[in-house]
Amino acid sequence: MYLMSQLATATLLIKCQDRAGIVQAVSEFFYRYGANIISLDQYSTEPEGGQYFMRLEMAINDLDNIIDNMKGSFEHTVARIYQMEWKLFDNSKRKKVAILVSKYDHALLDLLWRWQQGQLDCEITCVVSNHHDLRQAVENFGVPFHQVTVSKDNKVEAEAEIQALVKDCDLLVLARYMQILSAEFTAAWHMKIINIHHSFLPAFVGADPYRQAYEKGVKLIGATAHYVTADLDQGPIIEQDVHRVSHRHHVAELRAIGQDVERSVLTRAVRWHLQNRVIVTGNKTVVFN
Amino acid sequence: MYLMSQLATATLLIKCQDRAGIVQAVSEFFYRYGANIISLDQYSTEPEGGQYFMRLEMAINDLDNIIDNMKGSFEHTVARIYQMEWKLFDNSKRKKVAILVSKYDHALLDLLWRWQQGQLDCEITCVVSNHHDLRQAVENFGVPFHQVTVSKDNKVEAEAEIQALVKDCDLLVLARYMQILSAEFTAAWHMKIINIHHSFLPAFVGADPYRQAYEKGVKLIGATAHYVTADLDQGPIIEQDVHRVSHRHHVAELRAIGQDVERSVLTRAVRWHLQNRVIVTGNKTVVFN
Amino acid sequence: MYLMSQLATATLLIKCQDRAGIVQAVSEFFYRYGANIISLDQYSTEPEGGQYFMRLEMAINDLDNIIDNMKGSFEHTVARIYQMEWKLFDNSKRKKVAILVSKYDHALLDLLWRWQQGQLDCEITCVVSNHHDLRQAVENFGVPFHQVTVSKDNKVEAEAEIQALVKDCDLLVLARYMQILSAEFTAAWHMKIINIHHSFLPAFVGADPYRQAYEKGVKLIGATAHYVTADLDQGPIIEQDVHRVSHRHHVAELRAIGQDVERSVLTRAVRWHLQNRVIVTGNKTVVFN
Amino acid sequence: MYLMSQLATATLLIKCQDRAGIVQAVSEFFYRYGANIISLDQYSTEPEGGQYFMRLEMAINDLDNIIDNMKGSFEHTVARIYQMEWKLFDNSKRKKVAILVSKYDHALLDLLWRWQQGQLDCEITCVVSNHHDLRQAVENFGVPFHQVTVSKDNKVEAEAEIQALVKDCDLLVLARYMQILSAEFTAAWHMKIINIHHSFLPAFVGADPYRQAYEKGVKLIGATAHYVTADLDQGPIIEQDVHRVSHRHHVAELRAIGQDVERSVLTRAVRWHLQNRVIVTGNKTVVFN
């Protein structure tokens, strides 16, 4: 789950009402295509009659040739019977990812380094920033860097420019991007933008959470990776973590310590999204990890 | 997974060679009996052709009347085809547990308190100790307490006496029992004795691990819950955890801090065993938690 | 710092403006009385000219006979020069503690057990509850139990009754006491009441924080020990901790998991208070641990 | 303690027999030079009469001009009376550090990045490797890179070549350097070489600890930063940490997960050494952090 697999595999995600027979129906369906189930996770909100979620990963030969037929058949048989929302991913098709960033490099560099190590199974198409500072660091990884100035006056144009740069992507990662995206932009990328917020949400929403944490005198500081919605810092939480601090740490030190938490939390959230481990339900997530 | 379920459920554990079709065959088998799969975990040591492990929990009506038939059918069909080692547990039959202890009460009391809270789904039939000290504490929980003196000279007789007291049990828990059990005794209770060792194994095998840790100057101390085999402190590890310490902590303080780790590690290991989450393979464990 | 010391010791706490020479003046003062400094911690809010805090623990012979003279001399010399707020504790005088509790026993029992083990250096004078449920559990430890019914109509009388029961105490511990104390009561016990709140404050203030956490979908749940002020759940934070959870945990499971965090956080906060490690400054704490 | 201070400061480390009056004598000595004590930590192995350790950090004007006189006076007065081993560091003189590395870049890059961020207060003079792979990555940080081939046959010459490259340094950091240094080399750099070992020592000494951990079936993997002595993996431990793993993780995944632990443990150990927080005593360390 940490390193990329070398097998030709597909991943199925399912959401439906819980009823007896789902595992049987799904496993039989794919067994007929010769699939070998590598992992299977399921979750139901209630012991009986709740909402049901499944993640199934399978190894399957000749996937490229049969996936379209398989999708069609699944839709008309199992998915219809159980009224499933579902997606089937060919894991050999790497997701395309763009990273948006401002000036802090800690989260960005950790993502790029892990990607270079083979720890993030995706194509990073480009990095977009509203500043110039990180161009060299990004280009050292062989990744294109685009600078797009954003101001109060040009927000619409700037977002259009960003949109043009990332339009082929499957995922946008805000690795400490300090501009608030418009409701139109976030709507166009529904559950396809992951942000790292530098607090343990729902504590310390909004600006300068490390200062808020310092003034409150908390004994742990945290970071939260979440999908971006029109409500600032309120989208579904994917992952969180914390680090112990004390009265001795000033705001600048909280920030430095927090950066370590931010980068590890964001990396995990992005990895889980890329591995199709995250299913959004209401304003919460089911994470099969 | 933390609190006891109120449903009539059964749990299946499987070990076999990995082949395509296992999930399909198993889920179809139980679907025909009207079972609803509540959770399903699987693990294979290799992406293809490794050793395969499954844990499946299902809700099923009228289990008491059909379980014998179900077991027979499963043995002659699915289990035969895939050459499975398997067990099927009726979760309404609570496991019977005896606790062996000497003088330290921390692990014992935590087990008894969680059991009283409904956090450990078992029947605690008795506590056996080679000392008298903990009688009152145990009897406060309404659990019978037996004292069996053990010395170099009476080891065989003492173990026979213990054996008579616990002979109906499904599990023995050594909650800091400071006597070494004989090879005969541990063989008779193969993978049915859980011990808490007060170090992060394989570091600090044997006597007085907190002193060993102090003398080595480690910066974390740990505890390990493992099945007991004839090799002292070498059986399959179920769970481990650690706690940070510093040069300031003397042996007595390491012991006091370590007790918190011991009790939480032992409780988790016992809970997972009771919930049939642990499968032993070689000298290691697969823990579906 | 975990176990009680056997030495005759005193602990000094100081708060003042930072100036050069404080350590020299303080250490010289006590050196003349033959004290040996066992531990010394200091903290200044700024590298130069900030607010200064010190905790000094010393071994000293014949303390009982000289402490009054020592206090008088210190006030007229060192404390006057540096305009210190200060306290000097004779550590052989154990603090008197009363515990208030409702029906949950997890935090209470952990406190009583550690106290029995010698891990909390205090006298527990009694436990007061607005329910009868925990009488036997408390009396098993040899501690008096008092039941005081609290309702909307009798709050003033009930608090007066509690006040009479605990009036000799140095500290009140709210070990999941589910009644809100009046502003008069908390004012009378300024910085002498420690409460455990079952969330990672400032997230989830108020009622049923585990339900709030469940509905928000957080990935960690926490607990916070703080001094009680008239503002509900807003007093100075002494200690916090968290535990990882997932979408699989319902509210009842969050509650069960959270109890483990609550009891360990509360125990640490109480221990630090008893060891005179906590200095309140504004609405925050300096904790020398 | 995380970020570099901007003050002109000095740090004093002391080791001696514990006696009354040390704090008084030391603080008075430096008070006369106009020093303001910023932090003071002390530790004694016994409540009375043990071995005593102190770390004292002070702000002091015109340090450059007075430090030599101060050192001479201290030696002839306080240090003589208490028979102290001691060192006084002018913190404006940055320590010179060389990093030795083979092919893994994770620990190296984290050190270089934190150094670039101002989180490691030192001068990194060069990186030496027995391979060519990491040249570009190092040079991107503006740090000289030297390649020195090491084989069984040229070990003496290779170490002489390395010695020539690093001879001005105060500290060597082995950031996964996969060659065993000779006893002569380690003796010449007594307590001035920090190594990161990829296990929770004393478990899994020697080669391929992740494989050893996999085969043992441990539930946590760790890393240990220690000073290098002639005994392989046996030098004084500075810092350790662990990460939870499960049966699902193969050796390659343990390695990837472990790299995160290694880099954070090594960084902390190096930072503490640079900040003069580590005192070696016997085969253990006192770490004032």
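In order of appearance the chains are A, B, C and D, and numbering begins at 1 in each one.
Methods note: a contact is a pair of C-beta atoms (placed from the backbone, for glycine too) under 8 Å apart; a residue touches a chain by one contact, two chains touch by 3 or more.
In UniProt terms, the chains line up like this: A, B, C, D = Formyltetrahydrofolate deformylase.
On a predicted model such as this, the values are computed, not experimentally measured, just so you know.
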{"item": "Farthest chain (mean CA position) relative to chain D", "value": "B"}
{"item": "More contacts between chains, A-C or B-C", "value": "A-C"}
{"item": "Geometric centre distance via CA averages, chain C-chain B, whole Å", "value": "37"}
{"item": "Geometric centre distance via CA averages, chain C-chain A, whole Å", "value": "41"}
{"item": "Multi-partner residues of chain B (at least 2 other chains)", "value": "248"}
{"item": "Residues of chain B defined as touching chain C within the complex", "value": "1-3, 106, 109, 113, 117, 119, 140, 248-249, 252-253, 256-257, 260, 264"}
{"item": "Contacting residues of chain B [partner chain D, same complex]", "value": "43, 200-204, 216-220, 222, 236-242, 246-248, 283-287"}
{"item": "Residue numbers on chain C that touch chain D, as the complex places them", "value": "5-7, 18-24, 27-28, 30-31, 34-42, 44, 47-48, 59"}
